[in-house]
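First chain written, first letter: the chains are A, B, C, D, E and F, and each begins at residue 1.
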Amino acid sequence: MKSQETLSLGRVLLTGAAGGLGKQLRTRLRPRCTLLRLSDVAAMDAAQAGEEVVQARLEDRAAVHQLLEGMDSVVHLGGISTEQPFDAILQANIVGTYNLYEAARKHGVKRIAFASSNHVTGYYRQDEVIDPSMPMRPDGYYGLSKAFGENLSRFYYDRYGIETVCLRIGSSFPEPRDRRMLATFLSYDDLERLVVASLTAPVAGHSVIYGVSDNTTNWWDNTSARHLGYRPQDSSEPFRASREAAQPKIDLNDPAAIFQAGGFVHQGPFE
Amino acid sequence: MKSQETLSLGRVLLTGAAGGLGKQLRTRLRPRCTLLRLSDVAAMDAAQAGEEVVQARLEDRAAVHQLLEGMDSVVHLGGISTEQPFDAILQANIVGTYNLYEAARKHGVKRIAFASSNHVTGYYRQDEVIDPSMPMRPDGYYGLSKAFGENLSRFYYDRYGIETVCLRIGSSFPEPRDRRMLATFLSYDDLERLVVASLTAPVAGHSVIYGVSDNTTNWWDNTSARHLGYRPQDSSEPFRASREAAQPKIDLNDPAAIFQAGGFVHQGPFE
Amino acid sequence: MKSQETLSLGRVLLTGAAGGLGKQLRTRLRPRCTLLRLSDVAAMDAAQAGEEVVQARLEDRAAVHQLLEGMDSVVHLGGISTEQPFDAILQANIVGTYNLYEAARKHGVKRIAFASSNHVTGYYRQDEVIDPSMPMRPDGYYGLSKAFGENLSRFYYDRYGIETVCLRIGSSFPEPRDRRMLATFLSYDDLERLVVASLTAPVAGHSVIYGVSDNTTNWWDNTSARHLGYRPQDSSEPFRASREAAQPKIDLNDPAAIFQAGGFVHQGPFE
Amino acid sequence: MKSQETLSLGRVLLTGAAGGLGKQLRTRLRPRCTLLRLSDVAAMDAAQAGEEVVQARLEDRAAVHQLLEGMDSVVHLGGISTEQPFDAILQANIVGTYNLYEAARKHGVKRIAFASSNHVTGYYRQDEVIDPSMPMRPDGYYGLSKAFGENLSRFYYDRYGIETVCLRIGSSFPEPRDRRMLATFLSYDDLERLVVASLTAPVAGHSVIYGVSDNTTNWWDNTSARHLGYRPQDSSEPFRASREAAQPKIDLNDPAAIFQAGGFVHQGPFE
Amino acid sequence: MKSQETLSLGRVLLTGAAGGLGKQLRTRLRPRCTLLRLSDVAAMDAAQAGEEVVQARLEDRAAVHQLLEGMDSVVHLGGISTEQPFDAILQANIVGTYNLYEAARKHGVKRIAFASSNHVTGYYRQDEVIDPSMPMRPDGYYGLSKAFGENLSRFYYDRYGIETVCLRIGSSFPEPRDRRMLATFLSYDDLERLVVASLTAPVAGHSVIYGVSDNTTNWWDNTSARHLGYRPQDSSEPFRASREAAQPKIDLNDPAAIFQAGGFVHQGPFE
Amino acid sequence: MKSQETLSLGRVLLTGAAGGLGKQLRTRLRPRCTLLRLSDVAAMDAAQAGEEVVQARLEDRAAVHQLLEGMDSVVHLGGISTEQPFDAILQANIVGTYNLYEAARKHGVKRIAFASSNHVTGYYRQDEVIDPSMPMRPDGYYGLSKAFGENLSRFYYDRYGIETVCLRIGSSFPEPRDRRMLATFLSYDDLERLVVASLTAPVAGHSVIYGVSDNTTNWWDNTSARHLGYRPQDSSEPFRASREAAQPKIDLNDPAAIFQAGGFVHQGPFE
């Protein structure tokens, strides 16, 4: 037995594989999987060894059912990840996530890491610290669709025993882009740690955790999710000086400055 | 000034007016309204003085927008109120409620009493007492759709200032039908008190309250909603002896006996 | 179906039947039982119709196992109910309650109403209001033994599914004897309501409730146990004037006046 | 022993005896006291049997020290009870209350019922229910002075063992004057019950309780103060219809409608 | 853009600039300010470049109003920082802080870092861990005046939108002086981090935070203030051995050993 | 004064000195004690300088009383530390701990570090994070006996002022043996830190703390015990890869995988 040997994640479906986070996770998860099946509505790079690539829409129930076949677990990044008119969100995120869970139920998939979002609680203020047990306060249709996904996954756990870790991802980019992201930044390495912890924790039940690095400024208390074994190693702090210099003034009359949602409060209404 | 004079509810839209609760509220609210507009997907009795009757589907965006025109407030009972396959629930309850709130936003309607359901938290157990701030645990697609409606209304309050009282209605029938309903019973008179309190409270903000009579057995702690001024006057207690006699044995191996959801845990999966 | 027909409690074992509360419950429970088996270490009145009388020590494992045979549920009042030296409490209350639960396990008994005591939390102060989820603070060996019984019953529920309602009984006498009992009084009628609710609640799980009437002065918040359906009808208030007149001065230097334990704080040490 | 005999309150100082509540309590407390000493900055009716009348300013340290001499307990209503410029509040309420507690310390007075105010927490909203353990949010200098008095009395309890019950009085008038007072109304009879409970509870420690009748609409959860034995008997409900009729419209753009403070939010700044 | 460029604090008033902490902050804040105005009742070193020095008493309303003119923010250390007779505390800390906030309101100053104190909660015990939302328990007149300042600043935030961070400073010295300070020590570097975080957090609202280094022994849970971005870097641990050796015995009969207040419990009464 | 000089623990009794943890603590505590008295039911290595070795059974009341004579404090590891039939546990752990506390009371011993166990709360799930204030949920007779010891020590503190730190030890071995121990591992060095902190904290009162290293995966929130100054330095993380590799599959149908108790859920019943 080699002490460096890592736990195989087995056969994993990664949805949303063509997106920014999807591309990161594709390369990072592949070495840990027996098989990594990749799907997206958009085109993806060709399959490499150990990969399968399947272009599919989440609204396509039959296609989604095929995607889940033979999988041990799912990392569900798919769907729309920005604020959009309701009808688009409804199809990709609400119907799409329903399709995914129904397919998981039929195929006996037992663990899902669901990319939820900090926008599930975006109407809390930037001067308060919240935890995952507090009531949802979504900041738009996108946040509402992620709240729906969290509740849906809770139901599939209570009813069918499918485990889900809901990852309320902050801002996962190469580096924080503005002062708000000093609080919400999630480095790609920490994103990988978070997803791996979610898939390898012996018992996940139904858990909710904020996906955030070990930033000095912090709105989210993950104490209740320590059982997952996610321990961030990165921080936004090296970027503080430049982000503060670039944005020295904060306008407290702007709801985007007050609420954790940031600029999402200015999206919509869509008419 | 007559001391018996009651506060007028103004111009009120009652959706779901052809249903069991809708019929009760139609006759009870009419005397308190300047105008009571009634809508349902099904046919309704002809309009009486002070009423308007409009048959419409909640999925019909244009129709819903017309329904809201000129209204001061809404009692939203409409949609499906039993467990059904997802696609039906999606249209009537998720799309329908979205349509209603968008229409309310455009027409400047400022207060909505939203008929949510105890099925938003149906996967809590019958041996625990919960309150509205605890995480949602829906027991099916119906409960999920009501959870969606609660979150949607929270968003429309945080973003647009539309006040909503979410009424997590228990079991509103002429009398409790089984032992579970000794805990969940809501008399029609108490239902009326609840809706009137929701529409007349000076400030409602976004509130969540369980719709239940003053039953001796009680799973729901409404302390956090006392500001609404709902004080139930009825109880399931007069029906206890007969309901216990009719159902003397409880099978604790049956999830329907364990969870607050009752029989909803046996609905589905729908294939 | 007669609406007055009450739910039969089936075959019930009442331990401690020769004591003050035991005598009350004997006559009150008998009409509701198919069979009421009575036991005590002391002699009891002869069995009447529907009764069995068995004199037995709770420390006598074999005897206790026989007691449980064929029972549907147990009301466990047996053991020592005053502060005593440790060795006596150990045998009657710790070993005795262990024997009872082991026998219940072997005989498939599924529901126990366990007479715990307010002395499990006697070292909280008379100027604070506590609830059953707060840490135990026993005020002597008696309170410690009841704390043990509560934890033991929790274990037998988590491991074997035997339901227990722990009744933290206040002061159950014909009337309150002093000013402290204005807060702790439990009338015999309310005691009966409490025991019946514990045995008839459809789902009891493992619950803890303070056994107290609807006294104006109240140290105990039973909100978390409302699912049991216990609603007291009596109060110590009619006795207030006479009890205050008899005890007009309170010495706040006396721990017995400060702590909920009352005079128990002066029992012991036993040497 | 006569069962109707009430507990004597002994020698009691009532400050603020010339005010609205002071006059009510003067006549109500007198029969229960061995001696009722009355003080106010304003003139009062002549002393009757069992009374002493002393006109004094609370800012007058020597006078206050004389007031406390020989007293068993104090009902401290004195000082300013409306919003005023800071300097006036400072003298009457901050310096005055300090003088009172120092005098109580020197004279060995052991129990004080301190008339605090709901304005200690006036910046909570009318759509939330609060309890006395939540952080103070005063709505003006008056509320700040009462917050100071509560903290001062906490210090005198922790340091010197002087017990205080802080009464966060709502709106104590013959009847509620507007819709806000449907929530905050405290009848004179309930005021009397509250003060008597505060002075006769065997152990008061340092307690905080809202002074409010059993109104249907209720912003304040007094569960943590049940040990005091205050149980209101009155309600604002009989006045609901007339108050609603007189004030049918609520302007949610007016902070006075939103916050529990009511009109106090419009007092000041004083320049 | 240089990545090392720090966010300018703009025009800052530092009160109490002649005191121990004031001297530390004077030299540490100056490089970050456009202008650093220094005030104290005592004489200060002459102004250097970028500084203004103004000797003034906080009780002098006109002088304080002049101090605030043109300032962006304030670090308010001024006033008495030890236990003193009430009248002295009243003027410097209660009247003085009122003057400061009134002046801030008139001059449109929008952010204040207010040096509160751990003595606001000094009557909690050394064997409990508290957080800023728990009820205040001041340990003397000094603590009472800081509690007043916290409540005052809460009011000025709720009413006028002036943001304040209340810093409940522990023991800020070059090194911990006794065993109590192993828990309460705040290094000067961490003090600087705390003040800078308070002034630069994009949204401060009204926040309360304990000012303490990352000591191994810790009575204060700052989780609720993580949004401020204060992350201590120092610890009392290097001083543990010497402080324990110098004070090997703790007398648990001494309230100064039991309460977080330490020796403050022995100050007063002042007669 | 040497800065490296450590605080002497004085005269310390170590029970259970022949066990695994006892041997570790024997060598680690000896240099810090004036006298280290060692006891066990089993034979121990001969006494070295500064040691006394006394073989004794905890059930032997007289022997235990002798053990306590002249001691300043106790580290109580003695008794049974595995799941066993009730009668064995009863004698060694329940009677034995009672004997120890009675002896401590008579001999004026003022501080005890009591080796409790994570099995006091073993029926919480591995997907939840708990803290010491939550209700006990023991997973067997061993856990019940430790729960008894915690409550007993609470009583001896409330009644007699004997301070106890209850150490709910996780899994203290040279290294974690399986995947569960990645969460529960307590290194020997951290065990020593924990015991030393418990004995040297100036004020311990009655505290409960989980004995666990700084493991990435963590079920236990020790925030409430930070006043003790225990800060773990070790982690199970270096062992993660090998433990995961050795145990790649978790069977969620096995209660031993679900509950924090681990394999203890399969011990018993003992017949």
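Operating definition for what follows: contacts are C-beta pairs under 8 Å (C-beta built on N, C-alpha and C of every residue); 3 or more make two chains touch, one makes a residue touch a chain.
Predicted, not measured: the structure shown is a model, and the values here were computed from it.
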item: Any chain in contact with subunit B as well as subunit F; value: A, C
item: Co-neighbours of subunit E and subunit B - touch as defined; value: A, D
item: Whole-Å gap between the CA centroids of subunit A and subunit D; value: 53
item: Between subunit F and subunit A, distance of the C-alpha-averaged centres to the nearest whole Å; value: 40
item: Shared interface positions of subunit E, touching two or more other chains; value: 223
item: Graph class of chain-chain contacts, one of line, ring, star, complete, other; value: other
item: Those chain pairs that satisfy the touch definition; value: A-B, A-E, A-F, B-C, B-D, C-D, C-F, D-E, E-F
item: Residues of subunit D defined as touching subunit E within the complex; value: 86, 90, 94-95, 98, 102, 105, 123, 133-140, 143-144, 147-148, 151-152, 154-155, 158-159, 265, 268-269
item: Residues of subunit E defined as touching subunit F within the complex; value: 125-129, 179-180, 182-183, 216-219, 221, 223, 241-242, 244-246, 248, 250, 252, 257-258
item: Touching residues on subunit F, where the partner in the complex is subunit E; value: 1-8, 110, 161, 163, 200-207, 223-231
